[in-house]
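Across the two complexes that follow, subunit A remains constant while its partner is subunit B and subsequently subunit C.
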Partner chain A sequence: MAGKKSAVPARALPLLPAERQPWGAIIAFLLPAFTIYTALTAYPVFRTLWNSFHTVLPKKEEFIGLANYVTLAQDEIFWRSVKNTFIWACASPLAEVSIALLLALALYAKIPGMRFFRIAWFTPVLMSYVVVGIIWVWIYNYDWGAANAILRVLGLESWARAWIGDPKIALPSLIFITTWMWTGFNMVVLLAALHSLPSEVIEAAELDNCGWGAKLWHIIIPLVKPTLLNLLVLSFIGKMKIFDLVWITTKGGPLWSTETVSTYTYKRAFEWTTFDLGYPSTIAAVWFVFVLAAVLTLTWLFRQRDRLEY
Partner chain B sequence: MISRAFLFAVVMIYTAFAAGPFLWVATMSLRTTTEISRDHYAWPEKLHWEKFPDAWFNSNYSVYFENSLLVVISAVIVLTVVGAMAAHCFARYRFRLNRLAYFIIFSAIIFPPQITIIALFQILVDYGLYNSLIGLTLVYIAVQLPLTVYILESFFARIPADLFDAARMDGYPEWHIFWKVSLPIALPAIATTVILNTILLWNEFLYAVVLITDEAKRTLPLGIQRFMGDQLEDVGMIATGLMIAIIPVVIIYIFFSEKLIQGMTAGAIK
Partner chain C sequence: MRVFRIFFSLLLLAFASTAIAQVKLTMWSHWAAEKIKRDFVEDAIKRFEAANPGVKIEASWYEKTALYAALKTALRAGTAPDLFYAEPDQVEYMDNGLLLDLSPLNWSAIEPWAKEIWSYKGKPYGLPLEASTVELYYNKKLIADLGTKVPASLQLDSAALLDLSKKARAKSMTPMALGVGDRPFPGAYLVQEALLKKLGTQDYDNLLKGKLSWSDARVVDTLKLIRSWTDAGLLPTTFTTLKLGEAHSYFHTNPGAVLFLNGSWYTSRAFNPPDKGGQPANFPLGIMKFPAIPGAVCNECRTLSVQGSYVANAATKHPKEAIAFLNSIATPDVANRWLENVLVQTGIKADYAKVGGPHAGYFRELQATGDGSKYYFGAPSQVMQGKPKEVFTQVFNNAFPAGSVSVEEAVKQMNSAYGK
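Up next is the complex of A and B:
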C-alpha cells in the first residue's frame, strides 16, 4: 500500500516550468507540517535510536555501546513478546479477511435494509480499545460472562473456562476480540469493492455454469485482489502496534502469554523500577526495524505476485 | 427460498454478534450493580437515568469529558489547517523533491508508536509539557498528520488543474488559490478527515497513558481505565462510564456514517 501510492508520479499539476515555481508559497505551505514532523516525529525517532546506545537515567546518561542490544538478544520475555505479536499479526489478517470475504459474498445479492446492517457491522471499529477491552473482560468472565453463559445454555458446560486467565488460551481469546472488531470493517470494504466490479463478469460466470468454488477462486478473488491485499497489509500493520486492548484486558499476563512488544516496551520504560529509558529504546529500535522489514517484504511479495499473473 | 432464509439468518446472527455487546452495556448502564448481579442479562426493570449525572458529577467524568473535548477539538483544528496546506502543496506544485517530501511524511503511517513515544516523553519533560493537555495535543497533531495529508493529497490531486491555471491567469496570489479554490472544492474530503481524526483521537489511549498522569488532566479513556481499576466490582457504574464515552461517537456516527465509512476505507479500495 505504502509503496504503490508513492510510486505514482506527480499528476495533474499545473504546467509551470520547474524554475518558475513559486518557492516562497511552497515553503510557506509546507513549513508548519514539516516543523511538527521534525520536532515530534523525526527528532524523537533519532533520539530513541541514540537512547538505545546509552543508559538513560533521570539526569544521567552514559554511553554503553551495544550492551543494550546484547542484553536484548538474550531477553526471553522480549522474544516471547515478538512471537506473540507476530502470531497476532499473521493470524488476524487471515481470519478477518477470509471471514469478511465469505460474508461479503453471501451478501453480494442485495438484502433489504442493507444500509442499516452496514452501519451495525461497522460499529465495533469506532469504539476505543478501552471500551471494547472492558466489555470483553466481562464477556470472558468465568461466572457470568456471555461466552460461558452461551456454552452453558448449549449444554457445553465442560467447555466453559477462564478465557483470558488461562495462559494456554489467553492469546487466542484476545485475537478473537480483534477479529470480532475488524471483520465488519473488512466486510464493508469488500462489499464496496464487489459492487464496483462490472456485473457482466459475474453474470457471465453464472451463465457459464461454473461452480461456486471455481467462481470464487478464478473470478472473484483475482478481481478484488488489490483490495484484499490492502486489507491484509492494513490489518497486519494494525496488529503489529497493538497495545490498548492488551493493557486493559490482561496487561500481558498470565505468565507473559499475551505480552506484545508494545506492552513490554511500556512496562520496561514506565512500570519497572529500573528507571532506565535506554533499554526500552533498544526494544523500540529493534522492533522498528522488524516492522519496516515486514512491511517492505509484504509489499514486495504482493507486487511480485501481481507481476507474475498479469 | 431456503437460501434466502438462510442468508437472512446469517445476517441476523452476525449483526447480533457485532452489535450485541454494545446493547448489553447500554442495558447495564441503566441498571444498578445490585440488579445486575442478580441477573446480568435481564432487561432494565426501572430505568436508572440518575446514574448518568452520578457518574458525571461524582466520579469526575465531567472533567475527563471536558479534557477529551478540549484536546480533540484543538488537535483536529490544527491538523486540518496544517494538513490541508501541505496536501495542497504536494498536489498542486511540481517542484524538485515533491515526491520525496511527500514520502517522508507519508511513511510515518507505518511507524510503530514505540519508536517515538519514549523520546516524546523525554522531550515533553524537557520543555515542561509533560502532564499538560497542550503537550498531548501537540503529540496528537504529529501522530495524525501523515494520515490526514495522505487522504487530502489524494483528493486534491484529482481536482482538475485547469481551475488553478485559470485562477493564476487571473492573477490570484498563491494563498488565495488555496483558500478560495482548493479548500471549497475539497470540503467533502476535509469533512471526512475531520470526522475520522475526531473519532480516532477521542479513542486514543497509548499516548495519553504515557504523557498524562494528573487526575485533573485525564482524558476519557484514561478516566475509564482508572475507574475500572478502582471500582472493579461496580459493573453498573463502569457501564455508565462506558456509555458516556460511547454516546458522542454514536451521535457523530448517526449523522456522518457515510463520511466515516468513506474515511476509514479510503485507500483500502483499489
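Up next is the complex of A and C:
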C-alpha cells in the first residue's frame, strides 16, 4: 500500500512567500542592463538597418528600398576595402599567434633575461593605436626613419622604401605594425595556457624520450589548441574592424591600398560632401553580416571534435 | 515708499542690463594652429563686441578635419553654433538648407567673383574672407647657387624647371618641397595648374565637370610632361608622408628645398616666429609664376579659390546679430587689415595699394605674380563632387605625382570615375 498513489488528487496549495518568483527583484536587477543594452546596442543596430533602406538627411528621410545595396554592390572602392580588410584579418592572426607561440615557448623554457623579454614583448600592446601610428610613421620615414636607416647601415640601400607611401607595400607595412603590437598580448595568454598544462603529461613524454619538436607538435600544441583558436578568432574580429591605425598613418591611401571597410564607412559618413547616413549605414549593415558570418564559420571550423582527456 | 521705488528701479535696471547682455553667439572656426588668422578673427570679435555691448561671441578653435566632423554631427542634432567656418565646396550645407541666406549682407563690399563662388541657387551663403592663388615660392639664394635665373616675366618654362630639378639633384638638394601626408590637395597643384594653362578656363572647366574626356590628347600630353618632372626627382622622397606643416619647414628650414608650390596662404604659417614654425629671419623668399606649359592655350591662367569663409546657421536664434557680425568684417578697412596682417588675398574688396606694415614688400611681390593673370575660380576639389573628387584626390594628389600610377592608368581611373 505504501507505493500506492493516493486516490485523492493533490490539492494545489498556495505558494509560500519564499517559493514565489521575486519579480520585483528580477526586474530591478535586469532593468538597468536591459535599458543600456536596448539603448546602446539593440537600437543602434536596428537604426543602422533601418537607415540602410532610406536616404537619411537632416530634414528628410526617404524610403529607397534596396537602392543603397545595389549601389554598394557596384562600388569598386568598397570592394577594394573589403579585400584589404580580409587580407589583413587573415594574415595578421596567423602571424601574431604563431610568433606569439614561439615567444611564449621561449619564456616557458626559461631563457636568460626572460623577465625583461616578457615586459619588452608585452609593452607595445599597452600603447594606443594613435601613439603606435605616430611612432611607426617616423620609423617608416624614407629619409630618416629607423627602417631605412638600418637597411642603409647594412648596405641594403636598394631595399629602402617609402613603406607606407607605396601602394604595393603599404598594406603589408601596416600589417607588420599590428603584428608587432599584438604579438605580446597573444604571447602572455599562451604563456598562461602553457603554465596550466598538466605536468604529468609532459613528464610522461620526457620519460618516453620525446624530443622538443615532437613534444611541441604532439603534446603542447594539441593541449593549447583551444587557446590558440580563441586568439585567432579574437584577432580576426579585431582586424575586421580596424580603423585607428589606418587613420593615423595613411587615411586609406595611397590609391586605396590601405582602405579598410571602417575607414571607408567613416569617409562616406563624414568626409564626402553629403549628409546622407543611408549609404554608410548600408556599408555598416553589410559588413556586420560579413563579420558575423565569418566568425560563425570560424567557430564551426575550429569546433573541438574530440574532447581531450588526460 | 521711496525706498521701495528706488529698490524696484534698481531691480528693473538690473533686469534690463541682463536682457541687453543676453545675446550670446557661438562660433566654431578652423585655424587653431594658424595664429595670425586666429588673432585677426579674435580682434574682429573684440571690435564687434565693443561696438555692440549687448552681444557676446564665444569662439571655439579647431583644426579643419575635426571641425568638419563635429559640425556634421552638430548640424544634424540641431546643436551647431550660430556662426561657423566653411568653404564653398561644402554644398551639402546649402543642399540641406542648413545655412542662413546671407542676402542682407553688405555685398557691395565684396568682390563679385567671391559672391558668385558662394552663391547657390541664386542666394549667397558665405562671407568669403580668405581667397588664395597657387604660388611657386622659391629660395633666392639656392636658386642663384644653381645658376638658374628667374626671368622678368617671373615664369620659367618647362625645360628650365626640368633643368633646375636635375641641377638640384646633382647637388643633393630637393628641387621642390611638397607633401601630401595630411592634406588632400597639395600634390594636385601640379596637375591642376598645368592642365588649366594647357586647356584654358573653358575646357578645363569642362574637364573637371566630366564634359571633356581625360583621354583628350592635350590632357595626356600634360600628364606626360608632369611625369617627366617627377621622374627627374622634382619632389621629396618623403612626398607621400610629408605633412603640410612639415613641408613648410622642409622648404625654409630643414633640409631646405629650392621651390615650394603652395597656396598664397603660405604666410599664415611662414610669417610666424621661427620657434612657432615660421621661416627663419631674413629668409630669401621669392615668388614666381607656375612654369609655362608647351603648347598651352593660356599660360597666364591660374586658380583663384575662396577658402576660409564664415557662414551662419539657418537655425540660429539670432540671425540679425549673426549677420551684423559678418557685416562688421565686410568692410574695406577690415579687408586691408586682413591683407596687412595675414598677407593672403581676400574676397572682400580692399585697396591693395594701401597695404603697409613690415611685409609690404612681400605683398608687392605677390601682386607682381598676379599681373596679367586670367583666373579660374575654384580648385578641383571645390568643383568636383562625389566619386570624381575622391578619385582625383587619390590619383592626382598622391599616387600620380609619387609615380605609383602611369599616365594611362590615371586617365583610365578618371574616366571611370565619370562613368566613361
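The criterion applied here is as follows: the second predicted complex is superposed on the first by the 275 of 310 C-alpha atoms of A that agree within 3 Å, B and C clash if a C-alpha of one lies under 4 Å from a C-alpha of the other, contacts with A are read in each partner's own complex, and residues count from 1 in each chain.
By our rule, a residue touches a chain if its C-beta (ideal position, glycine included) is under 8 Å from a C-beta of that chain, and two chains touch if they have at least 3 such contacts.
Note that the structure is a prediction, hence the values are computed from the model and not measured.
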Touching partner for A:164 - first (subunit B), second (subunit C), both, neither: second
Contacts of A:97 with subunit B and subunit C, given as first, second, both or neither: neither
First (subunit B), second (subunit C), both or neither touched by A:270: both
Contacts of A:140 with subunit B and subunit C, given as first, second, both or neither: second
First, second, both or neither for A:57, with subunit B first and subunit C second: second
First, second, both or neither for A:255, with subunit B first and subunit C second: second
Which superposed partner A:298 touches (first subunit B, second subunit C, both, neither): neither
Contact breadth on subunit A, by residue count: subunit C or subunit B: B
Which of subunit B and subunit C A:232 touches, first, second, both or neither: neither
Where subunit A meets both subunit C and subunit B, residue numbers: 269-270
For the subunit C and subunit A complex, residues of the former touching the latter: 68-69, 72, 75-76, 89-92, 95-98, 181, 236-241, 385-386, 389-390, 394-395, 398-399, 402, 404-405
Subunit B - residues contacting subunit A, complex: 7-8, 10-11, 14-15, 17-19, 21-22, 24-25, 37, 40-41, 81-83, 85-86, 88-89, 91-96, 98-99, 101-123, 138-139, 141-142, 145, 149-150, 154, 157-161, 164-165, 168, 174-175, 178, 199, 202-206, 209-210, 221, 224-225, 228, 235, 238, 242, 245-246, 249, 253, 257, 260-261, 264-265, 267-270
Touching residues (chain side subunit A, partner subunit C) in the complex: 57-60, 77, 137, 140-143, 162, 164-168, 253-256, 267, 269-275
Touch list for subunit A against partner subunit B, complex: 1-2, 5-6, 9-16, 18, 21-26, 28-30, 32-34, 36-37, 39-41, 43-45, 47-48, 51, 56, 103, 106-107, 109, 111, 117-131, 134-136, 138-139, 144, 146, 149, 180, 183-185, 188-189, 192-193, 196, 226-227, 230-231, 234, 237, 240-241, 243-244, 247-248, 261-262, 265-266, 269-270, 277, 280-281, 283-285, 287-288, 291-292, 295
